[in-house]
Structures are given as C-alpha cells and as structure tokens.
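Next come the structures, one after another.
Two complexes follow with chain A in common, the first pairing it with chain B and the second with chain C.
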Partner chain A sequence: MLQQLINAIVFGSVLTLFSLGLSLAWGTLDVLNLAHGAVFVFAGFITYELTKDSTMSFVPTLIVASLAAGAVTLALELVAFRRIRLHFPARRQAELSMLVVSVGAATVIGEVVSHQTSEAAFSPPASAFSIHRYSLGGSVGITNIQILIVVAAIIVAVALDQGIRRTRYGRAIRALAYDPTTTQLLGVNVGAVAAATMFLAGALAGLAGVMLAIYLGGEEVATGQDYLLTAFAILIVGGVGSIRGAIVSAYLIALAETAVVAYGPSQWRDGVAFLLILVMLLVRPQGLFARRRFQRA
Partner chain B sequence: MSAAPLLEVRDASVRFGGVHALRGAELSVSTGSLCGLIGPNGSGKSTLVNVISRLTKLTGGALLMDGDEIDSLSADRARAAGIARTFQTVRLLPSMDVLANVMLGGATHFAQRSVAVNWLWPPRRANANRTARQAALVALERVGMAAHAHARPQALPYGQQRRVEIARALASRPRLLLLDEPTAGMSHHEREEVGDLLMELRREGLTQVLVEHDLAMIHRVCDHAHALNFGRVIASGSTQEVAADPGVREAYLGHGSSGERAQDSERAQESGPPESPAKVSQ
Partner chain C sequence: MAIASISSWYAGNETLIQNILIYALLAFSVQVVLRAGVFSLAGIGFYAIGSYTAALLLKKGWPTVPSILAAVLLCILLGYLLALLLVRLRDLYLAMATVAFDLMVGVVATNWTGLTGGPLGVTGIPLVMGTLPIFLTAVGAMLLLGLLQRGVLGRSFEAIREDEPLALTLAIDTSRYRHFAFVISCVLGCLAGAYHALLFGTIEPTDAGFELIVLALSMVIIGGFRSWAGALLGAILLTWLPLELTSVGSWLNLVYGGLMIVLATWLPGGLLDALRALLRLPARLRLLLRSPSSLAATGEERG
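This part shows the complex of A and B:
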C-alpha cells in the first residue's frame, strides 16, 4: 500500500514536469504542441546517446538533454508557430494550423529517434546513474532517482508558480495570454517572451524525459504519445492554463492510474485518463482550477 | 509653438484592403504641446493613433520622431522609444491588481537594456523589479489612484479604471502620450478632472496628443488642434481656428453626429482590422 503510494507520487512528479510545459504553451500562447511528447522522448534519446559509452556523467547529461529539448521546441516556435501567429489574425485559425504543424514535427522527431535507435527501445546504461534503494521497512523502499524526481518536480512546480505570479517575466506572460496586442503596446517584446516560454516548455519536457529514461531504465518512441494523452487529461482536469491545477491533477491521475494497475484490471490503465476527461467535461468543463479565459475586447 | 516638432507625420496613408483609412495625413506635434485631434467617426483618428503607436503599418508616407524615421519600429520598441498610449476601451488585465497592471506598463524601462543580464544576475533583477514598482507607485500617485494600488481593476468605477490606464502609460515615463478618447463614457465631473490632469502633465512638459469628440474639452485643454476627415487633415491651428473652420463645421454639423452616437460607431470600428493581432509585429 505504502509502496503504491510512493510509486504514485513519483509517477505524478514525472507527469507534473511533463504537463507543466504543455500547459504553459497552451495556456499562454495557445500552442497546442503535440510534439511535446516527441521532445520528451528526444531528451531520453539524448540521454542515451550521451551516456551509452559512459562518456558523460548524470548531471551534465541532465542539463544538456534538457537544453537540447528546449532548443528543439524553440526552433519549432521560431520556424513555425511564430509565423503562423503572424499569418493568422484569428486565434482559432492559428490554433488549428499549429496543431497540424506540431503533429508533423512530432512525426519527424519520432522518425529521427526511431532511425537512430533502429526502432528499438533504448536504455541508458545502468552505470550512467547508480541507483540506490533505501529500504523503508519490509518490502517498501524508495530509490535515489525516485527522490530526485519528486524533489525536482516540487522545485520546478513551486518556482514556476511563483515565477508566473511574482516576476516581471511572469506578469508579461500573463498579460500576453490575455491580450497580446495591448501587451506589446505596453513595451513587452512579445516575440522574445513567446520564444522564452516555448524554450522553457521544451526544457521541462526534456527534464521529465531524462528522469523517466533513467527511472524506467528505457524509453521508446511510443512512450511520448502515451504521456501526451495523460497530459491532456491532466490539463483538462486541472483547467487549461492553471499551473496549480496541472500540479494537483497530475498527482490525482497518477494516484488513480496506480490504483487501477495495483488493485484493478491493469489493462484499464489507459482508460483512466479518458474516463477522467469525459467526467470532467461533463461535470466541470472549465477544470478544477479554472483560469477564466476572457474574450478580448 | 516655437519648439521643434517631437513628432511628424508626413503624407501618411494606410489602406486596409480597399478601404483608405488614411490618405495623405499630415501632422506635426511640437515638444511640450498638448495637441487635439478631432474629426467625425471613421475620419481616421484612431488609425492615426495606431500608426503613431506602431500598431498599424503605414502603406505610404513617413513617421518621424525627433527627425528620425520610426515607421520600422515594432510597437514594443516604440514604447521603449518613449511613445505611450491609452485605449478607447479599458484594457486592464483583470487577473492582476492595479499596481501590477501599472508595473506592466513600466516594463520597458529597464528590461530593454539587457534582459539576459538582468535575469542571470539576481541583484540586478531585484533592483529592476524595485524600480518598476517605484515608478508604478509614482505614476499612480500622479493620477490620484495610489490608494487603490491593490484593488482589482474591475472593482473600480469606470472613471478610475481609465485613470489607472493613464498611470500605466505614464509608468514608462514617455516623451509622447497618446490619449484615445480618455474621457469617453465619463460623467461631466470626471471629464473635468481628467482635463485638469492632462493640463498638469502638460505644465510638467509632457507632450500629448488627445483624440476627443468633445470640442469643449479640446477647447479647454489643448493649445492647438488638427481636424481629420476622410483620412486627411482638413484643418489645423489654434483650437478656435479649427473649430471655426468651415470644413470642420460641415464635417461635424453636416453629419449631424451627436457625441454619443459618434463614439459608439467609432468603437464598433475599433474591433476591425486596425487592431487585429495580425498587426502585432514581433
């Protein structure tokens, strides 16, 4: 029971890291980035590449892979999303185009990784990060990588939540989400803020990807899609654009999925996310922590 | 009026598809003056303000500040260069309190120099934040809204929301303030107060362009005025001269537009092409 709870918290932490980036891009820039899952796997792949010959130790790998994931997302923003935004005045039109572009990007990134790994699951060598298990009595235990994941998720979640609320960048991003035109007229370089936001979103996906690659011992291209689906459930349950909503619902969904796997028919696991999306859309479509979405004047 | 022009608009034209919003408009605003911009609805006043604040690109003509071409600047750069504006409709962010809204207006002040350095060096970041906060408080004090710094904008009466918008424009310490019908929808008393505020700012040396339907207001606060119709400046000079100009009288009286009706249709136009997000250059 306790072990299940620990597993759920660790899983929720990975989901938090993963879905915060998605939430940030969607909630503030209206970019529904379906390449987020592919970027996440890409970071796992970079981890594998950097560590397979034991060339790089854990911390530098973590940093390089996260930055690489951020760079890929930034490139997508500069090459595609920004142009689409400028080209379509109507947000709805832009949203659809971005969606299509991100599906394409996800495919390309996935193919590149597939090609490089010969379509097999790839695992960073065990020596890349020496996993140590601390026993908590009986069969219950927690590993150092699990602790690291939880701590990283907490730090990132608090920093992001407070950053958005209190810093000048945070204010700029909230203003941008609400009314880009006025925000630019107030002197905010909206292009730079959007670029920084997409970079951050990608780097968060990367961080989650590296952690998961080491935690699970391996990833494959399809992993990204599974996580993307769960992340959508998280955003809908939490309320799109709400940082706190994403954090709370990431842990809720992790708990629900872990419970199903442990005590129910485990093949229903993927159904949990869908069920929650359905229930939420029927009962409280704005999500648990609704950020009011305004129409611009 | 002997001072050199701070802002010059030369032969400005703007076309949206087949619609000529401006066709050869000329405008000159001298440093320290309070210049009125009048004209019936659809005459191009708002487009002209959008052009000066760099929201709308010129199709032809030139825009100069201190003699330098600024038509290529993006809206945020223009703000950094000292051009601030308010809007016909209140555009405050409901999710932030009044102080945060005004701080957003002061964003250019230090951020422009080196965003990266400010971010990576915490003392500088903290310092920039403190400075922005200080500037915002000063601006709120200036418009008499300091007591409401922590109120939510939507909890304030309309007239006070408009004052907050003026504070937000002042927070970046602009050299040129564009006011797009700042008193629209205000009571007579509130209009008087805003008029007093604009005259005070003028005495402190701030150059302003005031778009206004109310000729009495223009008369009271402005030193000179330009009248627009059909995208052209049809009269300019002292407020008396402009008001007495036969073309202006015809444009106003010929349309028989009462102030209220004119404002409504002008606002309806506002949501059209001139302010669509497509015009946000990044």
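This part shows the complex of A and C:
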C-alpha cells in the first residue's frame, strides 16, 4: 500500500514536469503542442547517446539533454508557430495550423529517434546513474532516482508558480495570454517572450524525459504518446492554463492510474485518462481549477 | 487496344485503387468537419466501430448489405449521441475530446475480448466486398460533399467556420449544422472501416490508432481542407507515394512530417490551393500586363 503510494507520487511528479510545459504553451500561446511527447522522448534519446559510449556524469547529461529538448521546441516556435501567429489572423485557423505543425514535428522527431535506435526501446547504461535503494521497513523502499524526480518536480512547480506570479517575465507571460496585441503596445517584446516560453516548455519536457529514461531503464517512441494522452487528461482536469491545477491533477491522475494497475483491471489503465477527459469535458469543461483568460499561465 | 491496356493496368493496380478509395472516404470524414469549423477527429474512432460491427455481423451469418447498413445505422446513432454530448466544445477542446474518443474505442476493442477478439482482433472475415461498391460510395460521398460546399448550405458552413457569432446573427442554426457535419463525418469513417474489413478480411484493434489519425489528418492538410477535392488529392498522394518512393523507404514518415510543417505554415490551403494558384497564374499575368491596378480586385480569394 505504502509502496503503491510512493510509486504514485513519483509517477505524479514525472507527469507534473511533463504537463507543466504543455499547459504553459497552451495557456499562453494557444499552442496545443502534440510534439511535446516526442520532445520528451528525444531528451531520453540524447541521454542515451551521451552516456552509451562515454562516462559523462549525470548532471551535465541532464542539462545538455534538457537544453536540447528546449532547443527543438524553440526551433519549432521560430520556424513555424511565430509565422503562423503573425500571418493567420483568425484564431481558429491559427490554432489548427499550429496543431498540424506539431503533429508533423512529432512525426519528424519520432522518426529520427526510431531510425537512430532501429525502432527498438533504448536504455541509458547503468553507469549513467547508479541507483541505490533505501529500505523504509519491510518490502517498502525508495530509490535515489525516485527521490530526485520528486524533488525536481517540487522545485520546478514552486519556481514556475511563483515565477509566473511574481516576476516581470511572469507578468509578461500572463499579459501575452490575455491579449498579445495590447501586450506588444505596452512595450513587451512579444516574440522574445513567446520564444522563451516555448523553450522553457520544451526544456521541462526534456527534464522529465531524461529522468524517466533512467527511472524506467528505457524508453521508446511510443512512450511519448502515452504520456501525451495522460497529459491531455491532466490539462482538462486541471483547467487549461492553470499551473496549480495541472500540478494537483497530475498527482490525482497518477494516483488513479496506479490504483487501477495495482488493485483494478490493470489492462484498463489507459482507459482512465480517456474516460476522465470525456467525463470532465462533459461535466466541467473549464476544469476543476478554471482560470479566466487574464489569469492564465 | 487502349481498353486492353487500361484493363491490364487496372488489374495490376486494383489493390492500390481500393486503398485509395478507402482512404479517400476516411479523408472525407475529416475534411467535412474541418471545413465546417468543427475540429473533430471522431471519424477514426468510427472507422474502428464500423469495421468491427460489419465484420462481426457478417461472421454471424448476416448478408453483406444488411451488415453494412447496420454498421452505418449504429454509427449514425452513436455519432448523433456524441454530437449532442460534445456540442459545447470548440476547437482544441473538441479535437482533444475526439482524439480521446478514438483511443478509448481502441482500448475497448483491445479489452472487450468476448466481443472483439481482444488484442488478436478479428480474422477470417468473408471477403465479400468488391471495388465497384466502394467506388460508387466514394463517388456518392464526393457528390454529397460537393453539394455541401455549394449554395446556402456551403456558405452557411463557411460562415460558421470563419465567425460563429456572426453566423448566429445571420439566423444560421449553428449547432444543427455542426451536428449534421459531425454525423456525416462519423458515417464516412464508418463506411471506410467497414469496407476495409470486408475487403481485406482482418481487423486488429490497433488499426485505428494514433497513426491512422495522423495519416488521415495529413491527407487532408497536405491535399487541402477547404474542398473534398483536396482530401481526394491527399488520399491519392499519400497512398500512392509510398509505393513510388521505396528508395526513401523508412524515411517516408519524415517526409510527411516535414511536408505537414511546411504546408501548414506557408500554404494552409494545401496542395490544391497551390495548384489553383498555378492555374490562375497565366490569367493573372495577362491581367497584370494590361493594367497592374486591377490585380488587387482579383486579389486573394479564398474558396
């Protein structure tokens, strides 16, 4: 029971790291980035490439892989999303186009990764991070990577939440979510803020991807899709653009999925997320922690 | 002589033509809703529902036509219910809900072993489908979609897509139109699935997964979502190109992905728009030579 709870909290922390970036991009820039899952796996792949032949230690690997994931998302923003935002005045058309771009990008990234790994699951060598297990009495235990994941998620969640609320950059993001044109008139460099936001979103996905690759001992391209769908459920349950909502619902969904796997019909695990999405959209489409546009991000 | 060569070409390419027709139906099911401004990808879920319903009824000993009709009726019913439930969702929310629906259908198909055969799927479905019925259905779908693009109906769909509050003030009952487009999309997806099952004889629960969503969406986006002709163009290209580009082989998906990024960013109307612009080019050049100022009048019209 306690072990399941620990597992759920670790899973929830991975989901938090993963879905915060997705929420940020949708909440501020109206980008539903379906490439987020591919970027996440891409970071795991970079970790694998960096560590398989060399003795690069964990922290530099983590930083390089996260930055690489951020750079990929930034490239998408600069190549496609920015142009779409500037040239397609109708919001619906812009959203559709950005969604299509992200589907294309997910395909491209996934294809590159699966080509490089011969379409098999890839796992960073054990030397990349030596895993210790601390016993908490009985059969219950926690590993150092699990602790690291939880701590990282807490730090990132608090930093992001406070950063968005209290810093100048955070205020610029919130203004951008509310009204890009007025924000620009007020002297905010909208292009730079959007680019920084997308970079941050990608880097957060990367952080989650690296740690998950080491935690699970392996990843494959399909992993990204599974996480993406769970993250959809998190956004819908938490309310789009609500950082606190995303954090709370990430842990709730992790708990629900872990419970189904441990005590229920485990093959219906994927069903939990989809069912939650459908039910929430029908009952309370604005999410549990609804934000109006000016409160977003 | 000509007839003989045509018929031998046809014999060599029958499977390709069947695939194109089935994918065209699936692409139509995405295009008809996108054009109406309803961002639904539920057609892929109904592809699975249609294929399972028709195949299982047929295996139970039902004749062909009633099996397909029953599948279509079920899809109309389910589609209408889903439309009623999802009517308040817009844009990205609707896209996400319908993708969730598609994947939920997959989960049910995998896990409801008693009915669907579980992860193994359904095999040994009688091969009762020929090319002609599929061709006739595809032509019928084109006619229907062509009609929906014209006249009051077509303009209403366009108004709803471009500006829904404005459409409401013009006394267009937007939710009825949205329901209508949604149900048509479900039926087209259902037919594509049923035909595919009865033509090739097997179903796997993973057939209608994320990859099929991406494929159907890329057909419509690459071809052009504003017209059924664009969806047809996309279906032909994306079914035929993999056979021609065997040298690209495993990088093919990379090419698709790249194409989707480029087209969505620079050419939202798809290849059909590019073709049309190309066809208009001589006329525009002539106009430009005669009087440069008149060019603005023909300007950027969007069909």
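Observations
Just so we're on the same page, the second predicted complex is superposed on the first by the 291 of 297 C-alpha atoms of A that agree within 3 Å, B and C clash if a C-alpha of one lies under 4 Å from a C-alpha of the other, contacts with A are read in each partner's own complex, and residues count from 1 in each chain.
Quick note on the criterion: contacts are C-beta pairs under 8 Å (C-beta built on N, C-alpha and C of every residue); 3 or more make two chains touch, one makes a residue touch a chain.
Since this is a predicted model, take the numbers as computed values, not measurements.
Annotation: superposed three-chain arrangement on chain A; chain B versus chain C shows no clash, the two fitting side by side. By the document's definition of touching, of the two partners only chain B reaches A:A192; chain C does not. Contacts of A:V14 after superposition: neither chain B nor chain C is touched. After overlaying the two complexes on the shared chain, residue contacts for A:Q184 are found with chain B alone; chain C is out of touch.
Using the contact criterion defined above for the overlaid structures, shared-chain residue A:M211 touches neither chain B nor chain C, since it reaches no partner.
Between chain B and chain C, C contacts the larger number of chain A residues. Residue contacts after overlaying the shared chain place A:F88 against chain B and chain C alike. In the superposed pair of complexes, A:T167 makes contact with chain B only, with no contact to chain C.
Shared-chain residue A:L74: touches no atom of chain B or chain C.
Centred on chain A, the angle reaching out to chain B and chain C in the chain A superposition, using CA centres, is 90 degrees in steps of 10. Remark: least CA distance from chain B to chain C after fitting both complexes onto chain A is 8 Å. Residues 88 of chain A are contacted both by chain B in one complex and by chain C in the other. Only residues 26, 30, 32, 79-80, 83-84, 88, 90, 92-93, 95-101, 103-108, 110-112, 115, 225, 229, 232-233, 236, 265, 267-268, 270-271, 273-275, 277-278, 281-282, 285 of chain A touch chain C when the two sit together in their complex.
Listed in rising order, the residues of chain C touching chain A in the complex are 34, 37, 39, 85-86, 88-89, 91-93, 95-97, 99-101, 103-104, 107-108, 110-111, 161-162, 210, 214, 217-218, 221, 250-251, 253-254, 256-261, 263-266, 268.
Chain contact summary for the complex, chain B toward chain A: residues 53, 55, 74-76, 79-80, 85, 87, 89-91, 93-96, 100, 103-105, 107-108, 111-112, 115, 119, 125, 128-129, 132, 168, 172, 271, 275-282. By the touch criterion stated above, chain A contacts chain B in their complex at residues 82, 85-89, 91, 167-169, 171-172, 174-175, 178-192, 194, 291-292, 294, 297.
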